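Given below, in the form of structure tokens, are the structures.
Note that chain A is present in both complexes that follow, paired respectively with chain B and with chain C.
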Partner chain A sequence: MRRRVPDFVRKILFVEILKGLALTFRTMLKPPVTRQYPRERRDPKPGFRGQHAFVRNPETNREKCVACQKCATVCPSRCISIRYETDEHGVRHLTKYEIDALRCIFCGYCESVCPVCAIVLTETYEYASYSREGFVYDRERLLHNWDRFAAQLKRPAYFNMFWRPAGADVKRLAVVRRLQQPVPVRQTPDAGIAGTREPRAGQGQAPTQGDR
Partner chain B sequence: MELLLTIGKSVLFVAVVFAVTLLHVAYATYFERKVIGRMQGRIGPVEVGFRGLLQPFADMVKSLFKEDIIPNEADRPLFFLAPVIVVASVMTSLAVIPFFNNGSIANLNVGVLFIFAMASLAVYGIIVAGWSSNSKYAFLGGVRSAAQVISYEIAMGISLAGVFLMAGSLNLSDIVLAQREQPMGMFAVVQVVGFVVFVISAFAETNRTPFDLPEAETELVAGYLTEYSGFRYALFFLAEYISMYIMAALVALCYLGGWALPGFLTRALPFLELVPGIVWFLLKVYAFMFFYFWVRATLPRYRFDQLMAIGWKILIPVAVLNMVITAGVKRWLM
Partner chain C sequence: MEPVGITGTDTRRELTLNMGPQHPATHGVLRLTLDLDGEMVVKCTPHVGYLHRGIEKLAESRTYQGVMPLTDRLDYVASVGNNIGYCLAVERLFGIEAPERAQYLRTIVFEMSRICSHLLWLATHALDIGAMTVFLYCFREREWLLDIFETICGARLTVSYPRIGGVLQDMEPEVLESLDAFTRMFPGKILEYETLIDKNRIWLQRTQGVGVIPAKEAIRWGLTGPTLRGSGVSYDLRRDAPYDAYDRVEFDVPIGKNGDVYDRYRCRMEELRQSNRIIQQCLAALPAGDILAHDAPDLDMPLAGKKELVPEMSLGNASIGFGDAVPVAPKGEIYSAVEVPKGELGFYLMSDGTGNPCRMRVRAPSYVHAGALAKMCEGAFIADVIAVIGSIDIVMGECDR
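Right, the complex of A and B next:
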């Protein structure tokens, strides 16, 4: 066994301080880790849970939501409120869908519970607003969010990893989810890019208390 | 006529030294931020000018245009006077530093003592700043500074006594010339104990990490600077950096051989004589400045009682021992 240098010798020779100095000197020679944010944007990793959106169904050009209320039920922060009407065939029609993004905790339960893969947390992470109302997303706003996200997506199709959670038994998933293919993304040039100004408050419906 | 010419020359030299020092101080802040940034894995200033090179000027303009706030209950004359005392006394020390051979504004025979005296005078400015601000943080910062500088000045002076004994002079030029035939051409080899004590004291004397207790921002907001803003704040800042340069210059002159090169080197490579002495001087000064920043990026701050313990229980006895041994060797062995 190597004999340890006596403690007072280490103190006199500033061994610990010299070790620290060596560490900082080595760090200085390494490239810095700083990312110059507005100029260097980071691509989100798959599974990143960002801004809420309704997937735009390429066939109907509308949202796919069937007003089953599962997302509103599972939501731990109860930030989703849904209203619907039932027609004579017993089919539900969505009349109101609102997410309060300021209350959302981005757990992703809504997108993993949705039987038709309608609601999704996109990879958009730049969606600041000047007002609180700017964070209350109604149907139109959620579709707009999708368009905005789709326009800047670099891949030709989008598949959210929460639609088929890792380790889930595929046979037990809802039929639509089982058959869900990556959604082809149409590049819509007028949808804007990340960082552009959002439609201001008041354009969607004003949030009302106690709609559940 | 002769007299006028001499006066004109001196004034010009003073102006040049003043301007060059200010420029060096401006870029010392840039150098410091870059070095510390890189040591912490960051990049430091990059926005203003090419690679952030105009950052010091942006800072200067900013501090000039800041609102000048004076606390209501402050002692106004002293509050105005404090930064002037600090800057004036620190700037005065620049006069006796030989930047190259015969290159000092005033070649005093007691140059080092003069620098010490001026450094102590600067502490008055800091105490006055703390006192006149009428703020407990500023006051505590000022008191700490006084205690700290008094303690470390002793160790510093005694550690330099070894150098004086070896050089046989207090004149900075003579000290530099006396080092030429030393091993490596510097006293730092023979006087290594004194050198280490001096370096540690220099950190304490200029209130730099790990001894930056007078402005310990985690506990005292900004210490004696707390109530100052705008241009007066900039003056304190300026004084701090100039005193760092002066300490670096003292280390370069008294321990690292100043502007001169070791005798064996100039004999082996005679063409090195052609390089102006100020190049070697600045090289040594900047090496020490880098060391200042390097230590700041590495070490945390000492507690106040630790600071006092290091000063009185370790540095002063070691410095005294060093002085006595040096004197003994000089008396009986040489």
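Right, the complex of A and C next:
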């Protein structure tokens, strides 16, 4: 069944193996393509679906969420829970907004349906916690996530590609999303730095540090 | 201890060996029990189900749109294939057709995922057999495509780029340029992989004549994809039941002859070239136009045909049934299959008129191929079992669902 190698000379001279070795030696002289991860980091592409955040509205300094519950309805993993109150004018006021990041599958549906561009998946991909509770993001935490993300963003303004996907039919988009402008990013000094390691001095501190 | 397989007396004894589910060469959590006679496999029994997440059942409680990200988690090395397979099934059920540009974009990403999947297969398959360098080279090229996926949809593996009735968003010119550069660079890289292993005598000895399954048997076992084509059966859904833009591109369906590990390897290597060719043709013929059908359901499609009015609702939504219960999906059932890198991936959907599938069933190629392992491993050596598992390119996420 096994094929005899037809060319006897080739077989003795190990031609095919030498060819392979020549290739690997050539590659050795080229610059390496690997990245030494903790020291070298690659920037995620804009629109990367990472940690959740509420966009901080520059006008009100709060989140833009109007408690329409679209994100909670559309979420395939049911990780968003919303409570709201309706005042006498029929306006909804958000009382509770929670995302369980451990259940989230990062499909980006929430940011795709949000009619007011409130919830986004930021490009932050390094976040850890010592407890499960550290991954349940409430309103304050989501705003904090935004500040942390905004502080390390290298672009002057942030625009999420899911708000107005390229080539999308504008008529199908909510009014706010049609008019949404890039959000100017304010550098907040107290927000801490995301995506980079804590300074060496801070490493031995209490576990709550990891719950940022 | 009693000697095993001693000659002269009648004390030959079979040894039952458990392989997996944590074995690194089983590509996930496949478990095989091997009945051995010395080093020969007398019987091989695959056990599956260690990665069962109940995706089919979950689908029954999600809207048609909500199921889509779940399909990412079937064959997670080529998730676009699952997405498109699912989207096509729903589109055929709903009677929607994606715009032409979306069809071309889908074909492009489908072939990108095929290249990704085949590269990962080649990398791990070669690593299993003992060729480390191929592994590194394959991952180098795969990175390029994963970066493109990240640019167009924000995720590298679980992409969810296609949508029911189209795609998420258009590709920017820079992305298309990057992809074009890839297609020009890639054929040279395939040659590199082949330089390393194609004629390598160790590779040939480990693969030729190993895990043979003749064409007739292969059909009887229900094999599809390169595993079937390696046995010399020319069957490819992209050509035989074209979807998206496959009827508008030219490509060959490579087939093998002997049905051994080597022929399956050759088929996949040729498929890399054909995929590259398809991407090039699609890039050249990419028409302008919409990327989402006008009658495509919204992401937040109603579950029970009724929708509550909420503030800030988009104007586009106003047409989709406020008020009384409006059927969201036509009643009926459909089976729709696509050619994913592993073989034929079929979605069977049953609709009762509500916004969620009444029943979804996935015909996963990996599951069928896992069954045929028993046949292919019969009479092989233990070391060959590794080569055979690699050659059917099994992904347990899809097998167990």
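Just so we're on the same page, the second predicted complex is superposed on the first by the 187 of 212 C-alpha atoms of A that agree within 3 Å, B and C clash if a C-alpha of one lies under 4 Å from a C-alpha of the other, contacts with A are read in each partner's own complex, and residues count from 1 in each chain.
Definition applied: a contact is a pair of C-beta atoms (placed from the backbone, for glycine too) under 8 Å apart; a residue touches a chain by one contact, two chains touch by 3 or more.
Just so it is clear, the structure is predicted and the values come from calculations on it, not from any experiment.
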item: Touched partner set for A:G20, first chain B, second chain C, both or neither; value: both
item: Partner chain in contact with A:G167 - chain B first, chain C second, else both or neither; value: second
item: Contacts of A:M28 with chain B and chain C, given as first, second, both or neither; value: first
item: Which superposed partner A:L102 touches (first chain B, second chain C, both, neither); value: neither
item: First (chain B), second (chain C), both or neither touched by A:V9; value: neither
item: Partner chain(s) touched by A:G47 [first = chain B, second = chain C, both, neither]; value: second
item: Comparing the two partners chain B and chain C, which touches a greater set of residues in chain A; value: C
item: Touched partner set for A:V116, first chain B, second chain C, both or neither; value: second
item: Common interface residues of chain A - those touching chain B in one complex and chain C in the other; value: 17, 20, 23-24, 27, 33
item: Contact set on chain A toward chain B in their complex; value: 17, 20-21, 23-25, 27-28, 30, 32-34, 36
item: Chain B residues touching chain A - in the complex, by the definition given at the top; value: 35, 37-43, 46, 294-295, 297-299
item: Touch list for chain C against partner chain A, complex; value: 62-63, 65-70, 72-73, 101, 133, 137, 140, 143, 147, 150-151, 153-155, 158, 160, 168-172, 192, 195-197, 199-201, 204-205, 208-209, 290-292, 294, 298-300, 310-316
item: Chain A to chain C touching residues, read off their complex; value: 1-3, 5, 11, 16-17, 19-20, 23-24, 27, 33, 44-45, 47-49, 66, 68-70, 73-76, 91-92, 105-109, 112-113, 115-116, 121, 161-162, 165-169, 171-177
